[in-house]
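The following pair of complexes shares a single chain, subunit A, combined with subunit B in the former and subunit C in the latter.
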Partner chain A sequence: MARLKFLCDTERCIDCSGCVVACKEGNHVPVGVNRRRVITLDSGKPGEKSISVSCMHCADAPCIAVCPVDAIYQRDDGVVLVNKKTCIGCGYCFMACPFGAPQFPKGEVFGARGAMDKCTFCAGGPEETFSAEEKHLYGQNRIAEGKVPLCAGMCATKALLAGDADVVADVYRERVFQRGSGSNAWGWSKAYDKK
Partner chain B sequence: MQRRFSSVVLIALTVLFAGSAFAGELQAGGAVTGSSADYYGQLINVITGNWQEYGQLFTLLQSQWFSKIFLVVITAVPAVFLLHYLIIGAKHFDHDGEQIYFFSLFARIVHFVAAISFSLLVITGLMIIFGSFFGGGMIIRTARYVHLVSAMVFALPGLLMFVMWLKEMLPQFHDIKWIFILGGYLSKKKKPVPAAKFNAGQKMYFWFATLGGGIMAYTGYIIWGFGATVDTVRIYTMLHNALGIGIVAFYLTHVYMSVFAIAGSLESMKTGYKPKDEVDILHSLYKY
Partner chain C sequence: MTNSLNDMRHAKSLIFIGSNAPEAHPISMQHILHAKEKNNAPIIVVDPRRTKLAAKATDFVRIRPGTDAAFMLGLINVITTNGWEDKEFIRTRVSGYEELLAVTKDYTPEAVEEITGISAEQTRHVAKVLAENRPTSLTWCMGGTQHSIGSSITRTFCLLQLVLGNMGKSGGGTNIFRGHDNVQGATDMCVLADNLPAYYGLAEGSWKHWCRVWDVDYEWIKSRFPKPELMQLPGFSLARWYEGVLGEEKLYQDTPLKAMIQWGCGANSNSQYNRVVQAYNKLELLVVVDPFPTMAAAACDTDNIYLLPSASQYETSGSVTSTSRQIQWRHKVVDPVHNSKDDYQIMELLVNKLGFADKFYKNIKQVPEDLTRELGRGALTIGYNGQTPERIKKHMENWHTFDIDSLQAIGGPCDGDYYGMPWPCWTDEHPGTPILYDISKPVAKGGLPFRNRFGNEKTYDSSGRTENQLAAKGVCNPGSEVEGGYSEFAEIVPGTNWKTDLSQKTLKVAIARGMAPFGNARARCVVWNFPDQVPIHREPLHSPRPDLIAKYPTYKDKQKHYRLDTRFESEQNPELVKEFPYVITTGRMVEHMGAGAETRSNQYLAELQPEMYAEINPRLGNNLGFRDGDMVWIESPEGSKIKVKAFFTERVDEKTIFLPYHFAGVLMGESLIDKYPEGHAPYVVGECGNVVTNYGYDIITQIQATKDGLCKVSKA
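After this line comes the complex of A and B, so read on.
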């Protein structure tokens, strides 16, 4: 089975936030939760770069390791999903995540965090595929429909790639080769770039 | 008296300042230069703080160690006490003889409220740690709410106990002797042990419950609302769990001592009176 992965090409991302809106709107994500966001460094300065970040669906995901109620699990295709009915909103997954992916809706009793919500790779959730409950809790199941996730599907510059890891890597490798981005070796730009 | 209060305020302020010092870290973007590796390095710092330092440590401790250590504590400690009960047995004192007024009504009420809320804190805390055992969901979610409410209830009696017993709980030289003979609990003989109103074991539990309880309350409050940077929340969560290990161990000890190890000693927290026989042995330096 193919391993599903995301890749955001920082040379192409223009900080339009279309991916954020597409995800939020298409999946009816709870208020206060963004499954995907665009982060820009050095905004307005030369060398400004943006990247769209969400759950990366890690191999050996730290969120799965720390969850005290085993609410998070990984599918065979690598997609990491949460069972919102089991989740207690403790927030440990957020502390363990290297990408800040897990999000928590507000408004529960005593100001408690609600069940964790994060990117599903548009693959629904543990409920029955295409059921109303799946859609209500987790959003669309585009993977089951044979489509790419909403964010990558609508990305205007095709900066955000999603799908079979081998194909995604091939596309990116081709781009890097054509751009001639340099070696990307550690220290080279600091040592050899002429100011 | 005034001095005692000001020292309490001072300790509270120190705890608060230590917390806000942590919160001051992080949030440094800086100019992006160099290779894409450098760029990703900076980016990840903006998103999730210093993951390499604290996130990884938290992941390791939470996934591998905390639940295991807690499991050892809640099985080994009672097992040791069971052996103690079977081999050495409970201490019995003459409850019909002369009685000594040991705990005022105020102290008893404060202790009672603290005991209920503290027990709930320990039970719900353990339920969260072993959440997967219960299958998570509504029952563990409820445990979290009870944990929060119990913490708020415990805050007042915790503070009152701290002020009320601070003087008697300060370490004294004879406490070292008490620790060396483990309070005489390893022998069946009734020999007077060196302790005043509270013995060294009670003193240790006192500091874990009040000062430790204060740290638990503050870190817990920050964790509950994510009221700081993610690195601070990670540190506080590790602190909360690590301190919890000690607190649970002492809690179990306190329960065993009061309910089983000294027959009938629970009565003194209900009526306020201890038998003179018991005081002369277990609190031999107490002046009544």
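After this line comes the complex of A and C, so read on.
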């Protein structure tokens, strides 16, 4: 069975936030909840880089390990999902996640946070596939329709890749190979550029 | 664009000047990055700001706003001094080259450093990179045009490409990205003060041509004008229409403007926007046709305004023209919702009410297909003839058969056509012209020479030299009956030429003879109908360099410029910089669009960019004694001011302040959010950056100079 993965190619990400808006608009995610966001490092300085980040659907997902009510589970294709009806909003998953992926709909510093929300890889949730309830709680189920997630589908420069890990890796490997030719090769500019 | 977005994939180097594609044209980036990754193409970004495009560049060149022409002339100086110019291209297809060299010899890298702030070393480096990596694709946008010498600046871009021999070649060209999905279409329709559709101008013959196309009596149209001469006098331009309302300046018509229709136009993209607001309140009638109430709805204190809700692009259909000159069909997804109507319906109701629908709908039975057909009948200058609604739809249905690199259909029902039939597409059988001025292909297969538009011979004022303006012997498209340059086609059908022969026989005869209907000439370095026949640097009207004003002064004041006078010399005050020491420039952010009425009404885009700000270098901010996030006043020499949040960033240098121009709903410190129609206020309001953009207009096009004004800044 295929293993689904995300990959954001920072050489191509242009910080347009098209992925963010596609995700929110297509899944009716409330304002304040960010299943995906674009992070820019060294903004306005030499070496500026942007990367689009969401739940990475980890192989050994720490959120699953720490959830006290077993609300988070992993499908055979690697997609990590949360059952919002089980989630108690404790926030342990947020502490455990290395990517800051889990989101909570209520903004108070203390008190109830509401059920956790995060990227579903556009694979819906535990409710019946294509049911109104699945759509209401989790958004679209594009994986069941045979489509890539909205974010990757939207990406203008194809920086954000999503899908079968083998295919994603092949696409990326080919890019790195192309870039590696000539002066893009690692160390070449330092070694051979005439100052 | 002379080439297409897709063709940029073939560039061996790319230079962007006054263009920030990741924010303004994100989709184009896939092709730009393709060239970078696949061809190892260096990307050179010339901009006052270290933009998001600069983050993808191999070389970032920080330039002082408004000095683009000097940098280009400097590059030409280095290229020609080193013998890197394309000598054969210049010999056979360019005119006025010696006169160009007489100008560029003074723009040494050292002189350019003094004007632009770009080191002589970097100018030499960029010239070398371009010379060694041909063809180069050159892109500019509003950063190149919105200056008092904008028309000269854009000409220097073209001259650089001529000198390098990059025109008419795949991977080369001058590729000006258009700002909206159908702006090229709107331009081709000449929604302008000085042109009839398809760049026909306002001459009597032009009116008569379109009257024949519309089947309208010329004498009747003439009778609609209070004076016949007004028919051929350019109207008020988009940049300065409000002066026609305010009537404070001398007008070249009998009465001020009394009524205004703003159709899909958020006017806070106008410079000196507070004066626009004054004009709103003086108008007897203001009609805003838009899916969203624009700032006009809130800015009017009088009840002179009508809002007509128009349908969005998803609620209507018709042909649209992309930045690559490709024509596509937009299909309706849903009928107009609520009580909105599509633009065709609104126009038809208006024309009916005004009582001349019988005159203008003679050829229009099926909307919008017949509109495209009528256009194809009349727009001969730019070859809108072969793109029938049937062919456009066929292309879209068979989109998968077109090659992403060449844009040509490989087999299938559109075999051999270029996607969207990029204009000119001369006949029903013509495949479209993917690259302008490309003499490697026959004209019938999408090739073209340079156009013969300005006579066959010219004696230059500067040198006294006489030169043949037609292409050299032996230089022509394959299969051309005349082996070399030739004049434009006329008198094939007596009394007409290729632009006015509605039978289109002239076009067909020319192509059958392997020739271009518009002739085969040289590209001009000397434009004898412009004030600067060879472009030179002139300091911005409001320059931060009094010493350079003396050396590179602006033009004399211009009388009867459209329907107003425009100040140049009398506006260029060397003392101004003492009180207004910082350069102000504007631009786009990716999240918002144009005047922002639509995007600021979208909750997710509003969430991403919820606030107006001014980019200020941390060193400047610290020296002035305010902190990142403080509210500051920015004041223009015209006396207008805005209160905005200071955003410290090294994107800008210590002398430059950058404003995004998409915000509206706050005017000079006062929020107007309560004045929007109930329930229609956008999620995000903010000060209009254009309240503080300065006076200044291009001497030819009258485009506003929003990129190189002066301002002062103080803590609020």
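By our rule, the second predicted complex is superposed on the first by the 175 of 195 C-alpha atoms of A that agree within 3 Å, B and C clash if a C-alpha of one lies under 4 Å from a C-alpha of the other, contacts with A are read in each partner's own complex, and residues count from 1 in each chain.
Here is the rule we use: contacts are C-beta pairs under 8 Å (C-beta built on N, C-alpha and C of every residue); 3 or more make two chains touch, one makes a residue touch a chain.
Just so you know, these numbers come straight off a predicted model, no measurement behind them.
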Which of subunit B and subunit C A:31 touches, first, second, both or neither: second
First, second, both or neither for A:59, with subunit B first and subunit C second: neither
Subunit B versus subunit C as contact partner of A:167, first or second or both or neither: neither
Residue contacts on subunit A - larger count, subunit B or subunit C: B
Subunit B versus subunit C as contact partner of A:49, first or second or both or neither: both
Subunit A residues contacted in one complex by subunit B, in the other by subunit C: 45, 49, 181, 184
Residues of subunit A touching subunit B in the complex: 10, 39, 41-42, 45, 47, 49, 51, 53, 62, 65-71, 85-92, 94-100, 109-113, 181, 184-190
Interfacial residue positions of subunit A with respect to subunit C in the complex: 11-12, 14-18, 20-21, 24-25, 31-32, 43-46, 48-50, 156-158, 175, 178-179, 181-184
Of all residues in subunit B, those that touch subunit A in their complex: 29, 31-39, 42-44, 46-48, 51, 55, 58-59, 62-63, 67, 128-132, 134-137, 140-141, 144-145, 148-149, 223-226, 230, 233-234, 237
Residues on subunit C engaged by subunit A in the complex (per definition of touch): 22-23, 26-27, 29-30, 33, 37-38, 40, 50, 52, 54-56, 60, 590-591, 603-605, 607-608, 649-652
